[in-house]
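Two complexes follow with chain A in common, the first pairing it with chain B and the second with chain C.
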Partner chain A sequence: MSTAVNESAPGGAARQAAGLPRLLPAAPEDLHAHLARYGPTPYRGRTNLLIDDIETSGLTGRGGAAFPVYRKLAVVARAGVRQGRKVVVANGAESEPASRKDELLLGLAPNLVLDGLQLAAEAVGATEAHLYLHYAPGPQILRALAERSSRGLDRLAVTITQAPPRFLAGQEAAVVNRLGGGPALPTFQPPRVSERGLGGAPTLVQNVETLAHLALIARYGPRWFRAVGTSDEPGSMLTTIYRPDAKTHVREAAIGTPLEALLGAGADVQAWLVGGYHGTWLPMPEAAGITLDNASLRRFGAAAGAGVLAALPSDRCGLTEAARVTGYLAAESAGQCGPCLNGLPRIAAALAELAGAGHRRRTLADLERWSGLVKGRGACNHPDGTVRFVRSALTVFAPEIKRHARGQCSATDRRPFLPLPDGIPTREEDWT
Partner chain B sequence: MAETLRVNPIACTGHGVCAELLPELVALDEWGYPIVDPRPVPPALDRDARRAVAACPTLALRLLRSEQPARSG
Partner chain C sequence: MNTAFWYASRATGIVALLLLTAVLVLGILVNRQGRLPGLPRFAVTDLHRNLSLLSVSFIAVHVFTAVLDTYVHIPLVSAVIPFASGYERFWLGLGAVSLDIMLAMIVTSLLRGRLNRVLWRAVHLLAYASWPVAFAHSIGSSKDLQQGWMLAVAVGCAMIVLAAVVWRLADAARQVPRAGRVAAVFAQHTASAARRNRGTVAR
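Our next item is the complex of A and B:
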């Protein structure tokens, strides 16, 4: 997988709102450059102190769920140390195959993420810290850890664990299972991992971008953080952008930015995909006025997720794209829950049938029924996210479904547009 | 205290005993997995519900106090 271009860098092609980018420097920053820019890690001296600032800042998780960060911090801070342990995890698994932002962030600003990890650990009173990645750690990360250790900056040693290349490997309970030496599979909750996680110890799992924001809030305060974004959803977020007229790139955008400014809405764009493969297809030009915040996206049944944004070119077949991705999602079911195990492959096969030439009369009704049967019936949100993706595709690409029923297809370019991993692993050992 | 039925979907292997013992609150989907009524168990069905919970071969069916939060991803 190629590293995405950083379009947020100062002097980059993209025009940015005042004060951005916050997270992404133009070139990798080692500890020396990091300290010159930010100074040392601003420890508060005891637990809990940072949590009020995080609450005031309005920071939400940037891994996809947009859960208020202070609430998880508070739960883990309140919990007692169990079996001598309390755990924090920087989650860089980035298991969305279309997302590139976490890997780019860790390559460019590893010290910001590691500051955030140590500060979160201090805030909740953690006894151990982990970094969870879907690849072997790159030289920037290893160097940052070594430099921090020799300078005595890190109060907790950081253990790196590699995630398997599976879509669900970054799910919170899956992370905890993998760190415990088991397969990276979701579990049935409650209890949440914040109450009983790794080895039964209270465990805070935060996305690496979330921790980088936290490290900046610890330095500059909640008012600074709220200077961009909307009042309900403050701050900025990293987005990974796919559009017809540009290379795949990562861009830090203020929450509330018009999506048109990020994705384009010209005649060369037929639909947007917002929120990645658990996300939502939005029709063009109907959705063209929407902005990058969940209040606006919710009106279209969408959410920003982990910031994967795609503008599907007009010369591609959205139905074919949706069928391809759904096939991948079905193969990525952990296979633990009956409705997901049985429903997703059938949904994927039905969508593939629609994307072929001609389909059986009952296929659309089957799809709708199966979608209803899997939604809300998994231990994790994989069936729900898949159904959101599929249902929005059926709506937005309804005209294309009719064309395919007549044996036609409007695409003139048949190359795949949305990225999928090469070769989908299906063996059980691939979860470790 | 009102209680609701809840299935642990990982533990459930679709034996279907719950639907046999408690058809008022449990239906089976087309693959044999239970679809439980999300509403609180009415007092009249309390005993049957407890019987269904006890009879589940994989201990996947539980009675939970109604306020308990739903699963979140």
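Our next item is the complex of A and C:
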């Protein structure tokens, strides 16, 4: 299981806002402990009833897109059962390689996620429930499912499907394609999967953290949920944090928390990465006052995404890090849309050229031009997210680009900092 | 009046052959995701679609004028039922066969959103049978196309279609499967980027 440190645990390294952590217990909780703490799953007895509470709570999707949860619930609830089916999926395919929060959550509090899955299924009137993971399910998950079914807690049996370890495997349409037995590839929308998803049936895909929040709102109500966070973006979110100490921390933070409290902003930090590999580099110390909410992050063109936060140490080369990640993103293109297939490898190669020594003069202009050409032209947001990452790197690491042009680099530590998986997909089986 | 129908039928038949040739070539271009100079890719698809509907309207005029014409007797049902005409039974029968295939392609294309893609594709592949059958019908039943510059036009159509089919097969053979495509493009660009650096980074 995860090697990430649960920083939110009582006695953990972080000082917490009142009432946090909400989602992460200090040690894995089996069904007995879960029931002792929360009581049984609070079914409402009828479809739709929970949706108003979710709307009042202001809960948004924690998979990265921050889409209002009640709107997806309402669309799927309104849609008729098609071909005798209506589907709910708990999406635990944390395909962002730097994110560790979903895996940790499922290991520590599987029953909270499974409660949320059943409650969402009841709210929309689903006929089947799925759990989608990018690894073989761990003992905590299997045990939780077995205990729940022997106690008759789950109204719908949960089918587990394993996702391929691809960056795009957690994208909504890719999830539906994989559950249907095909490769985990995004497709053009509309029709959105909430209208025509698995086998043509209306399908609700929600991130596992979102479902855990939903299960708590069903118990304690929207007012409780809104007690932390900002008024526009209420609640808390799980973050995965990379700091110069080279450990991976998962921490539940109130939305609106100063990023400095999570990442540190000392002289040993040269830049922040917010929102993971589809995210944005922020310059230090200019961005030091920013807070963990999209209203504040937007001023720097950034968004919280799935909560991946990194503080790049001063002794590393940000340009090299950006080039490594962009190479990974280019290789993870599904190869379906021309601008992404042909554009991202060019962009990655140009960035690698900048990260080398003595690049050609026109490479920077080429990068700008290509970035404009691929944006908004994919079936999914992979080209857009990649371009956001690249453009912010060009801005924040502009002095470093000049240095490399002269054949110099400011880094004293050449070890890679941001985590990347090995290997790039070459066969169709890599996507299934 | 009688000869007017006869002339109209011959003329629309020849125009339909030219249109069907264009439709087939455009269809191949759509399949290979090719482009026409100055047009975006989706325009090729639209052109293919619209020209196919235009050719069917020419074929409708072609059929009705031939039936209405009293010079020879052709029953209306022979337009869709093969080999039902006493006059030129074989060659007109081929015309009916190709028209039936075209109608099947149009119906499945209009219902494409509701059909599974494999079925649509299977029916659409029949285009490669429909065009030669329509071509044989044109040459066999029309004295016009058997001589002079009209013969040259007909031969030209056949050459164009043949060339397009050969190009299609060659292009498909060159194609890298989707899963390998990204790795291939990626390897090509990273190799050239490494060559472009003029020095090494000092640390």
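Throughout what follows, the second predicted complex is superposed on the first by the 429 of 432 C-alpha atoms of A that agree within 3 Å, B and C clash if a C-alpha of one lies under 4 Å from a C-alpha of the other, contacts with A are read in each partner's own complex, and residues count from 1 in each chain.
Note that contacts are C-beta pairs under 8 Å (C-beta built on N, C-alpha and C of every residue); 3 or more make two chains touch, one makes a residue touch a chain.
Just so you know, these numbers come straight off a predicted model, no measurement behind them.
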Combined model on chain A: chain C and chain B, fit or clash: clash
Chain A residues touched - chain C or chain B, whichever exceeds: C
Is A:Q140 in contact with chain B, with chain C, with both, or with neither (first, second, both, neither)? neither
In the superposed arrangement, does A:T161 touch chain B (first), chain C (second), both or neither? neither
Which of the two partners, first being chain B and second being chain C, lies in contact with A:P339: first, second, both, or neither? first
Could you say whether A:L373 touches chain B, chain C, both of them, or neither, answering first, second, both or neither? first
After lining up the shared chain so the two structures overlap, which partner does A:F188 touch, if you call chain B first and chain C second: first, second, both or neither? first
If you stack the two complexes on chain A, which partner ends up touching A:G358: first (chain B), second (chain C), both, or neither? second
Touching A:T56, do we find chain B (first), chain C (second), both, or neither? neither
First (chain B), second (chain C), both or neither: which does A:N381 touch? first
Which of the two partners, first being chain B and second being chain C, lies in contact with A:T47: first, second, both, or neither? neither
Chain B and chain C footprints on chain A meet at residues 336, 338, 342
Per the touch rule above, chain B residues touching chain A in the complex are 8-14, 29-33, 35, 68-69, 71-73
Chain B touches which residues of chain A in the complex? 65, 171, 187-190, 336-340, 342-343, 373, 377-382, 384-385
Chain A contact footprint on chain C (complex, rising order): 33, 177-183, 185-186, 188-190, 192-194, 196-203
In the complex with chain C, residue positions of chain A that touch it: 327, 330-336, 338, 341-342, 345-346, 348-350, 352-353, 356-360, 363, 404, 407-409, 411-412, 414, 424-428, 430-431
